[in-house]
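In the two assemblies presented below, chain A is common to both, partnered first by chain B and then by chain C.
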Partner chain A sequence: MKRIRIANLPLMVALTIAGLFVLFPLGSATEFSFRTPVSGGHGLANYVWFFTAPDFGHYLWISFILAVSAAGILLVLLVPTAVWLNLGGHKVRPFVEFITLLPLVIPVVALAIGAQTSLPDFAQTNEFVLAFMYAVLALPYAYRTLDTGLKAVPLRTITEAARGLGAGWFRTIVQVVTPVIRSTVLASLFMTLALSLGEFTLTSLLHWDTFTTWVTTMSQSNILGAIALSVFSLVAVFVLLLGIGAFVRPVSNQAAAEED
Partner chain B sequence: MNSATLTLSGVTRRFKDVYALNNLDLTVGAGELVALLGPSGCGKTTALRIIAGLDRADEGQVLVRGESIDKLPAHKRNMGMVFQSYSLFPNLNAEENVAFGLRMRGASKAQRRDRAHELLNLVGLDHHAKRFTHQLSGGQQQRVALARALAFEPDLLLLDEPLSALDAKVRANLRDEIRALQIKTGTTTIFVTHDQEEAMSMSDRVAVMNGGKIAQIAEPDVLYHTPANEFVAGFVGQMNRIPAQISGSKARVLESDVDAKFDWETQPAEAVALVRPEAIEVTPAPNGNATVVARAFLGPMSKVMLQTTQGFSFDASMTSDQSASLHSGDSVNVSIKPGQYLVVPA
Partner chain C sequence: MTTTEVKLLNRKGAPKWGTLMGQLLAIALGVGPLLIFMGIFFFAPLAAVLVKSLQDNYGAFSFENYAAALKEPFLTGFRMSISLAAISAITSAIPGAVFAYLIESRGSVRIRQFVTSISGVLANTGGVPLAFMFIAALGAEGSATGLLKALGLDLYSNGFNLFSFGGLILVYSYFQIPLMVIVFSPAVHGIRKEWQEAARNLGANRLRFWRFIGFPLLFPSFVSSLLLLFASAFSAYATARAMTTGEIALVPILIGNLVDGNVIFDQYNLGKALAVGMVIVSALAMIPYLIIQRRAERWQR
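Let's look at the complex of A and B:
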């Protein structure tokens, strides 16, 4: 055990207060979601209610697939772009940064109307178009996470070192660049997943149904059930992210620090 | 000199209208350590990157043992490189970093491990083999980088200011270690630096660069005592600039005539003699041509600041024993030791 230093005290206090601020409502909501008004006790009734609802699995799956697709789209688009920008001082960087900021500036409503008026029919009638929309919405966050992470490693020097040591371009990318940027890419993936799973406005404006819109519809008929659903969504997203995090863990922190 | 391991001939590299390298020629013999010394922006890094294959020359050739390697990509050149900034792979520990070059060459796991430990031992870091970059100090990281560059027995070791990010004490230690290691392994080495003391103290030969060209390449003592031109003279060691009057093939400096050894076309009216502080002879004399301004004690040597009766100042360097009898305000006679000067146009 490390000694707790006095200097850390304000930090601990702040963390505790912040923790309480988050955990207290969460705890209350959780407790509330287990109540059974008829018997006055606690039980799983509210959870059973939505779990057994006919469309529960269907919409959960749709949301999951859309989120994963959005993350996949951004991965393919952003990783090569960000790596390339960080390998050389390219003149296009300001332009790319401007593009990635656009989704923050354009209102979601404008995006929705744009999609409805200018997308071809096959895209209007296919739910998969949402994956691309989510990718657009998550773009600013995903790009910034990626770029900040990549700037923290001297990618250019490292790749040049690898080539000097005998690695061709392919091996440099697979054996050096990929492991080095993995945790950063992962962080940016999380961002996209979390944003996509919780997206409501655009989905609803475009009249599609996903888990979030389904939850909203369901809540209107059963307030305790709605709270149970929210608690479930929170836990589910948390478990999902945790799972991916454990699945691909950054390597550089595995070594135990030895003493001199 | 041994057979040439590396030859650059007429290498030119332009960035838009800037000549980073301008028709550069360089020959490095087997087992030799040559320093590329020059001010920032003179093209040292560019030269090294072209040798390593990380950049391409616009004109000219790079030869290794007489064969052109211009078409060879960086990863096939078998050159070990150490960069100015830290370049270890952050996802690998020290041992894996050192073994990387061998892994690329298909060495077995056991071979890799043995060789990595051998090299980490050489740089004194075997006990840190399992550490990652963020668990090593700057000096340790550069040691690992050096071990990594030497592990696969490169034809050429290329060092681009490997010490410039380190503090003075670590720098001095590591400088000597690099030289010892280089001699021990017999690796032909190019060492890039802007620090003249570093270059002079560890090289077989020093190439002083200026504006994308080599101003002079010679052994450190030759460079010091017979600089080819004013740039080299000013860049290497301390130099006094003393006014000189030209008359015929002679120059009059400090009231004595010296051979001007002109190598310029038209004879200038005004000239200066470039003289090292230790090439100035100082003898106490009641009505001498200069006075002592001050004396600075520097251990075994002392610096004596002087002013001539005409009013220009310069420094002399001598052993502290010799300077003991000199005090501020003393009148002295100063002259230049024979042959130890360079007369150039003012």
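Let's look at the complex of A and C:
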């Protein structure tokens, strides 16, 4: 018994340090965000301030619409492609894996400058173009997640069964394959949502205003309010992303069980 | 039309030309939409940057943007960005690797899963909220600063400054260390217990195991993770911009200033030449990363 405890000591120390590293700044910022400098104590004033700010709902809504659209675009594009690649596109597979990684390699700043030059005017004057650009940025993560999910299911059997029973390809993908890999689809959906909601670089360099750029603008007039907003959005994204973990767990549990 | 059907045809001895056409059609239908999408929103913008970076203000071919990009203040910008990324990569990779090793070698399945999902979340933080969080915690008036002061450690009188090079590295480590844990853990996980036991049985002590087996196996993965962390810090824009308000002249910030019109330069396309420079530096880091990662996957899992 004693031996096991000694062996676990480094682990405990590591976990404690990691916990402090993560929670100390977050906790301090949370404390800071509740400060009310005028009356000197703590209160909800900063949170009330941004919730009642005239543009809060407006920009949150824009960001939300863009994020949902980006996730939708990616899923419509990637689910059929990933299914096709997992069924038999072996020759082009390494190529697709390579090009879907590229958005990770290229600095977003470079992409933003390029988009400013290459996109036609009608696209530049429509904020909706951001949804497509967000989709590009989320592509490496979304593709990898979907690919892993598809590898874990007997895809060929499922599709052949559906096709054998008379379903067309569209129906097979929408009504058979997607429900089977729904946890992976949801995971890539949430990941795209989180990434899009927090995107700043492209948005600000293309001179659009979304929730994140609005936070930056607001920080110039009320830093405490901006900090409260930041804590709010960090915690919101944490919850959103940990939600992914809950959805993906069934698959990873299985994998872990097989491993051990 | 899938390749399965095509292969069946092939086995039955269908004409080769038809098979080839069928395969091409299948490929076009399979990856066409993705290629078109990436073509419009990814490859075209990058091509535009490259082409425009080689044009002067009147659209004639010229290297003048690159000539200007290789002068001050941009040369210092590149030097700053590269050293910031390198220091951030090294200072985050080492604790990240040690932590990944401890978790993978000693943690239960549950702890490992927990750490992986938390790391996934933290590696995705960044940007403006992260910067404001650290300002609230460790800025001159921050609550952590106040707490440490009450405990007898006065950060700011000891030369600490959050809005400096070192401060930026500290803030980056908040997403860089978790990123390291994510990319390095699979490599540590690949070192099987059996190998340690086999080495033990053959008479190797711990040191010899690490000297001849563990270290040589992990080193390539460590280097490739280091490169990924470098690229991640090198291209980070939002955090640096919100923290330093342009005081630390990193390349992405210099580009941002040009794009926003905060700084006017004679050459209209100078920002594009700087962007190409950033792409080159990132590619130099990421291409070896991809190659090493692919080789390492052979023995992992």
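One rule holds for everything that comes next: the second predicted complex is superposed on the first by the 193 of 260 C-alpha atoms of A that agree within 3 Å, B and C clash if a C-alpha of one lies under 4 Å from a C-alpha of the other, contacts with A are read in each partner's own complex, and residues count from 1 in each chain.
Simple rule for what comes next: a residue touches a chain if its C-beta (ideal position, glycine included) is under 8 Å from a C-beta of that chain, and two chains touch if they have at least 3 such contacts.
If you're wondering where the values come from, they're calculated on a predicted model, not measured in any experiment.
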> For chain A, which side has the bigger count of touched residues, chain B or chain C?
Replying inline: C
>> For A:A194 in the superposed arrangement: first (chain B), second (chain C), both or neither?
In response: second
> First (chain B), second (chain C), both or neither: which does A:L241 touch?
Replying inline: second
> Where does A:A18 make contact in the superposed view: on chain B (first), on chain C (second), on both, or on neither?
Replying inline: second
>> On the A-aligned overlay, A:S221 touches which partner chain: chain B = first, chain C = second, or both, or neither?
In response: neither
>> Tell me the contact category for A:T52 with respect to chain B and chain C: first, second, both or neither.
In response: neither
> Can A:F132 be said to touch chain B (first), chain C (second), both, or neither?
Replying inline: second
>> In the overlaid three-chain picture, which partner chain does A:S39 touch, first (chain B) or second (chain C), both, or neither?
In response: neither
> Considering each complex separately, which residues of chain A are in contact with chain B in the first and with chain C in the second?
Replying inline: 252
> What residues on chain A touch chain B, complex-wise?
Replying inline: 153-154, 157-158, 160-168, 171, 176, 179-180, 182, 250-252, 255, 257-258
> For chain C, which residues are in contact with chain A within the complex?
Replying inline: 2-4, 7, 23, 26-27, 29-31, 33-35, 37-38, 40-42, 44-49, 52, 98-99, 102-103, 106-107, 109, 111-113, 115, 117-118, 120-122, 124-138, 142-144, 147, 174, 177, 231, 234-235, 237-238, 242, 252, 255-256, 259-260, 271-272, 275-276, 278-279, 282-283, 286, 290
> Which part of chain A faces chain C closely enough to touch in the complex?
Replying inline: 7-8, 10-11, 14-15, 18, 21-22, 24-26, 28-29, 31-33, 77-78, 80-81, 84-85, 87-92, 96, 98-119, 132-133, 135-136, 139, 191, 194-195, 198-201, 204-205, 207, 212, 215-216, 219, 223, 226-227, 229-231, 233-234, 237-238, 241-242, 244-245, 249, 252-253, 256, 260
>> Going by the contact rule set out above, which residues of chain B touch chain A in the complex?
In response: 52-54, 73-81, 83, 85-91, 93, 100-101, 104-105, 128, 130-135, 145, 148-149, 152
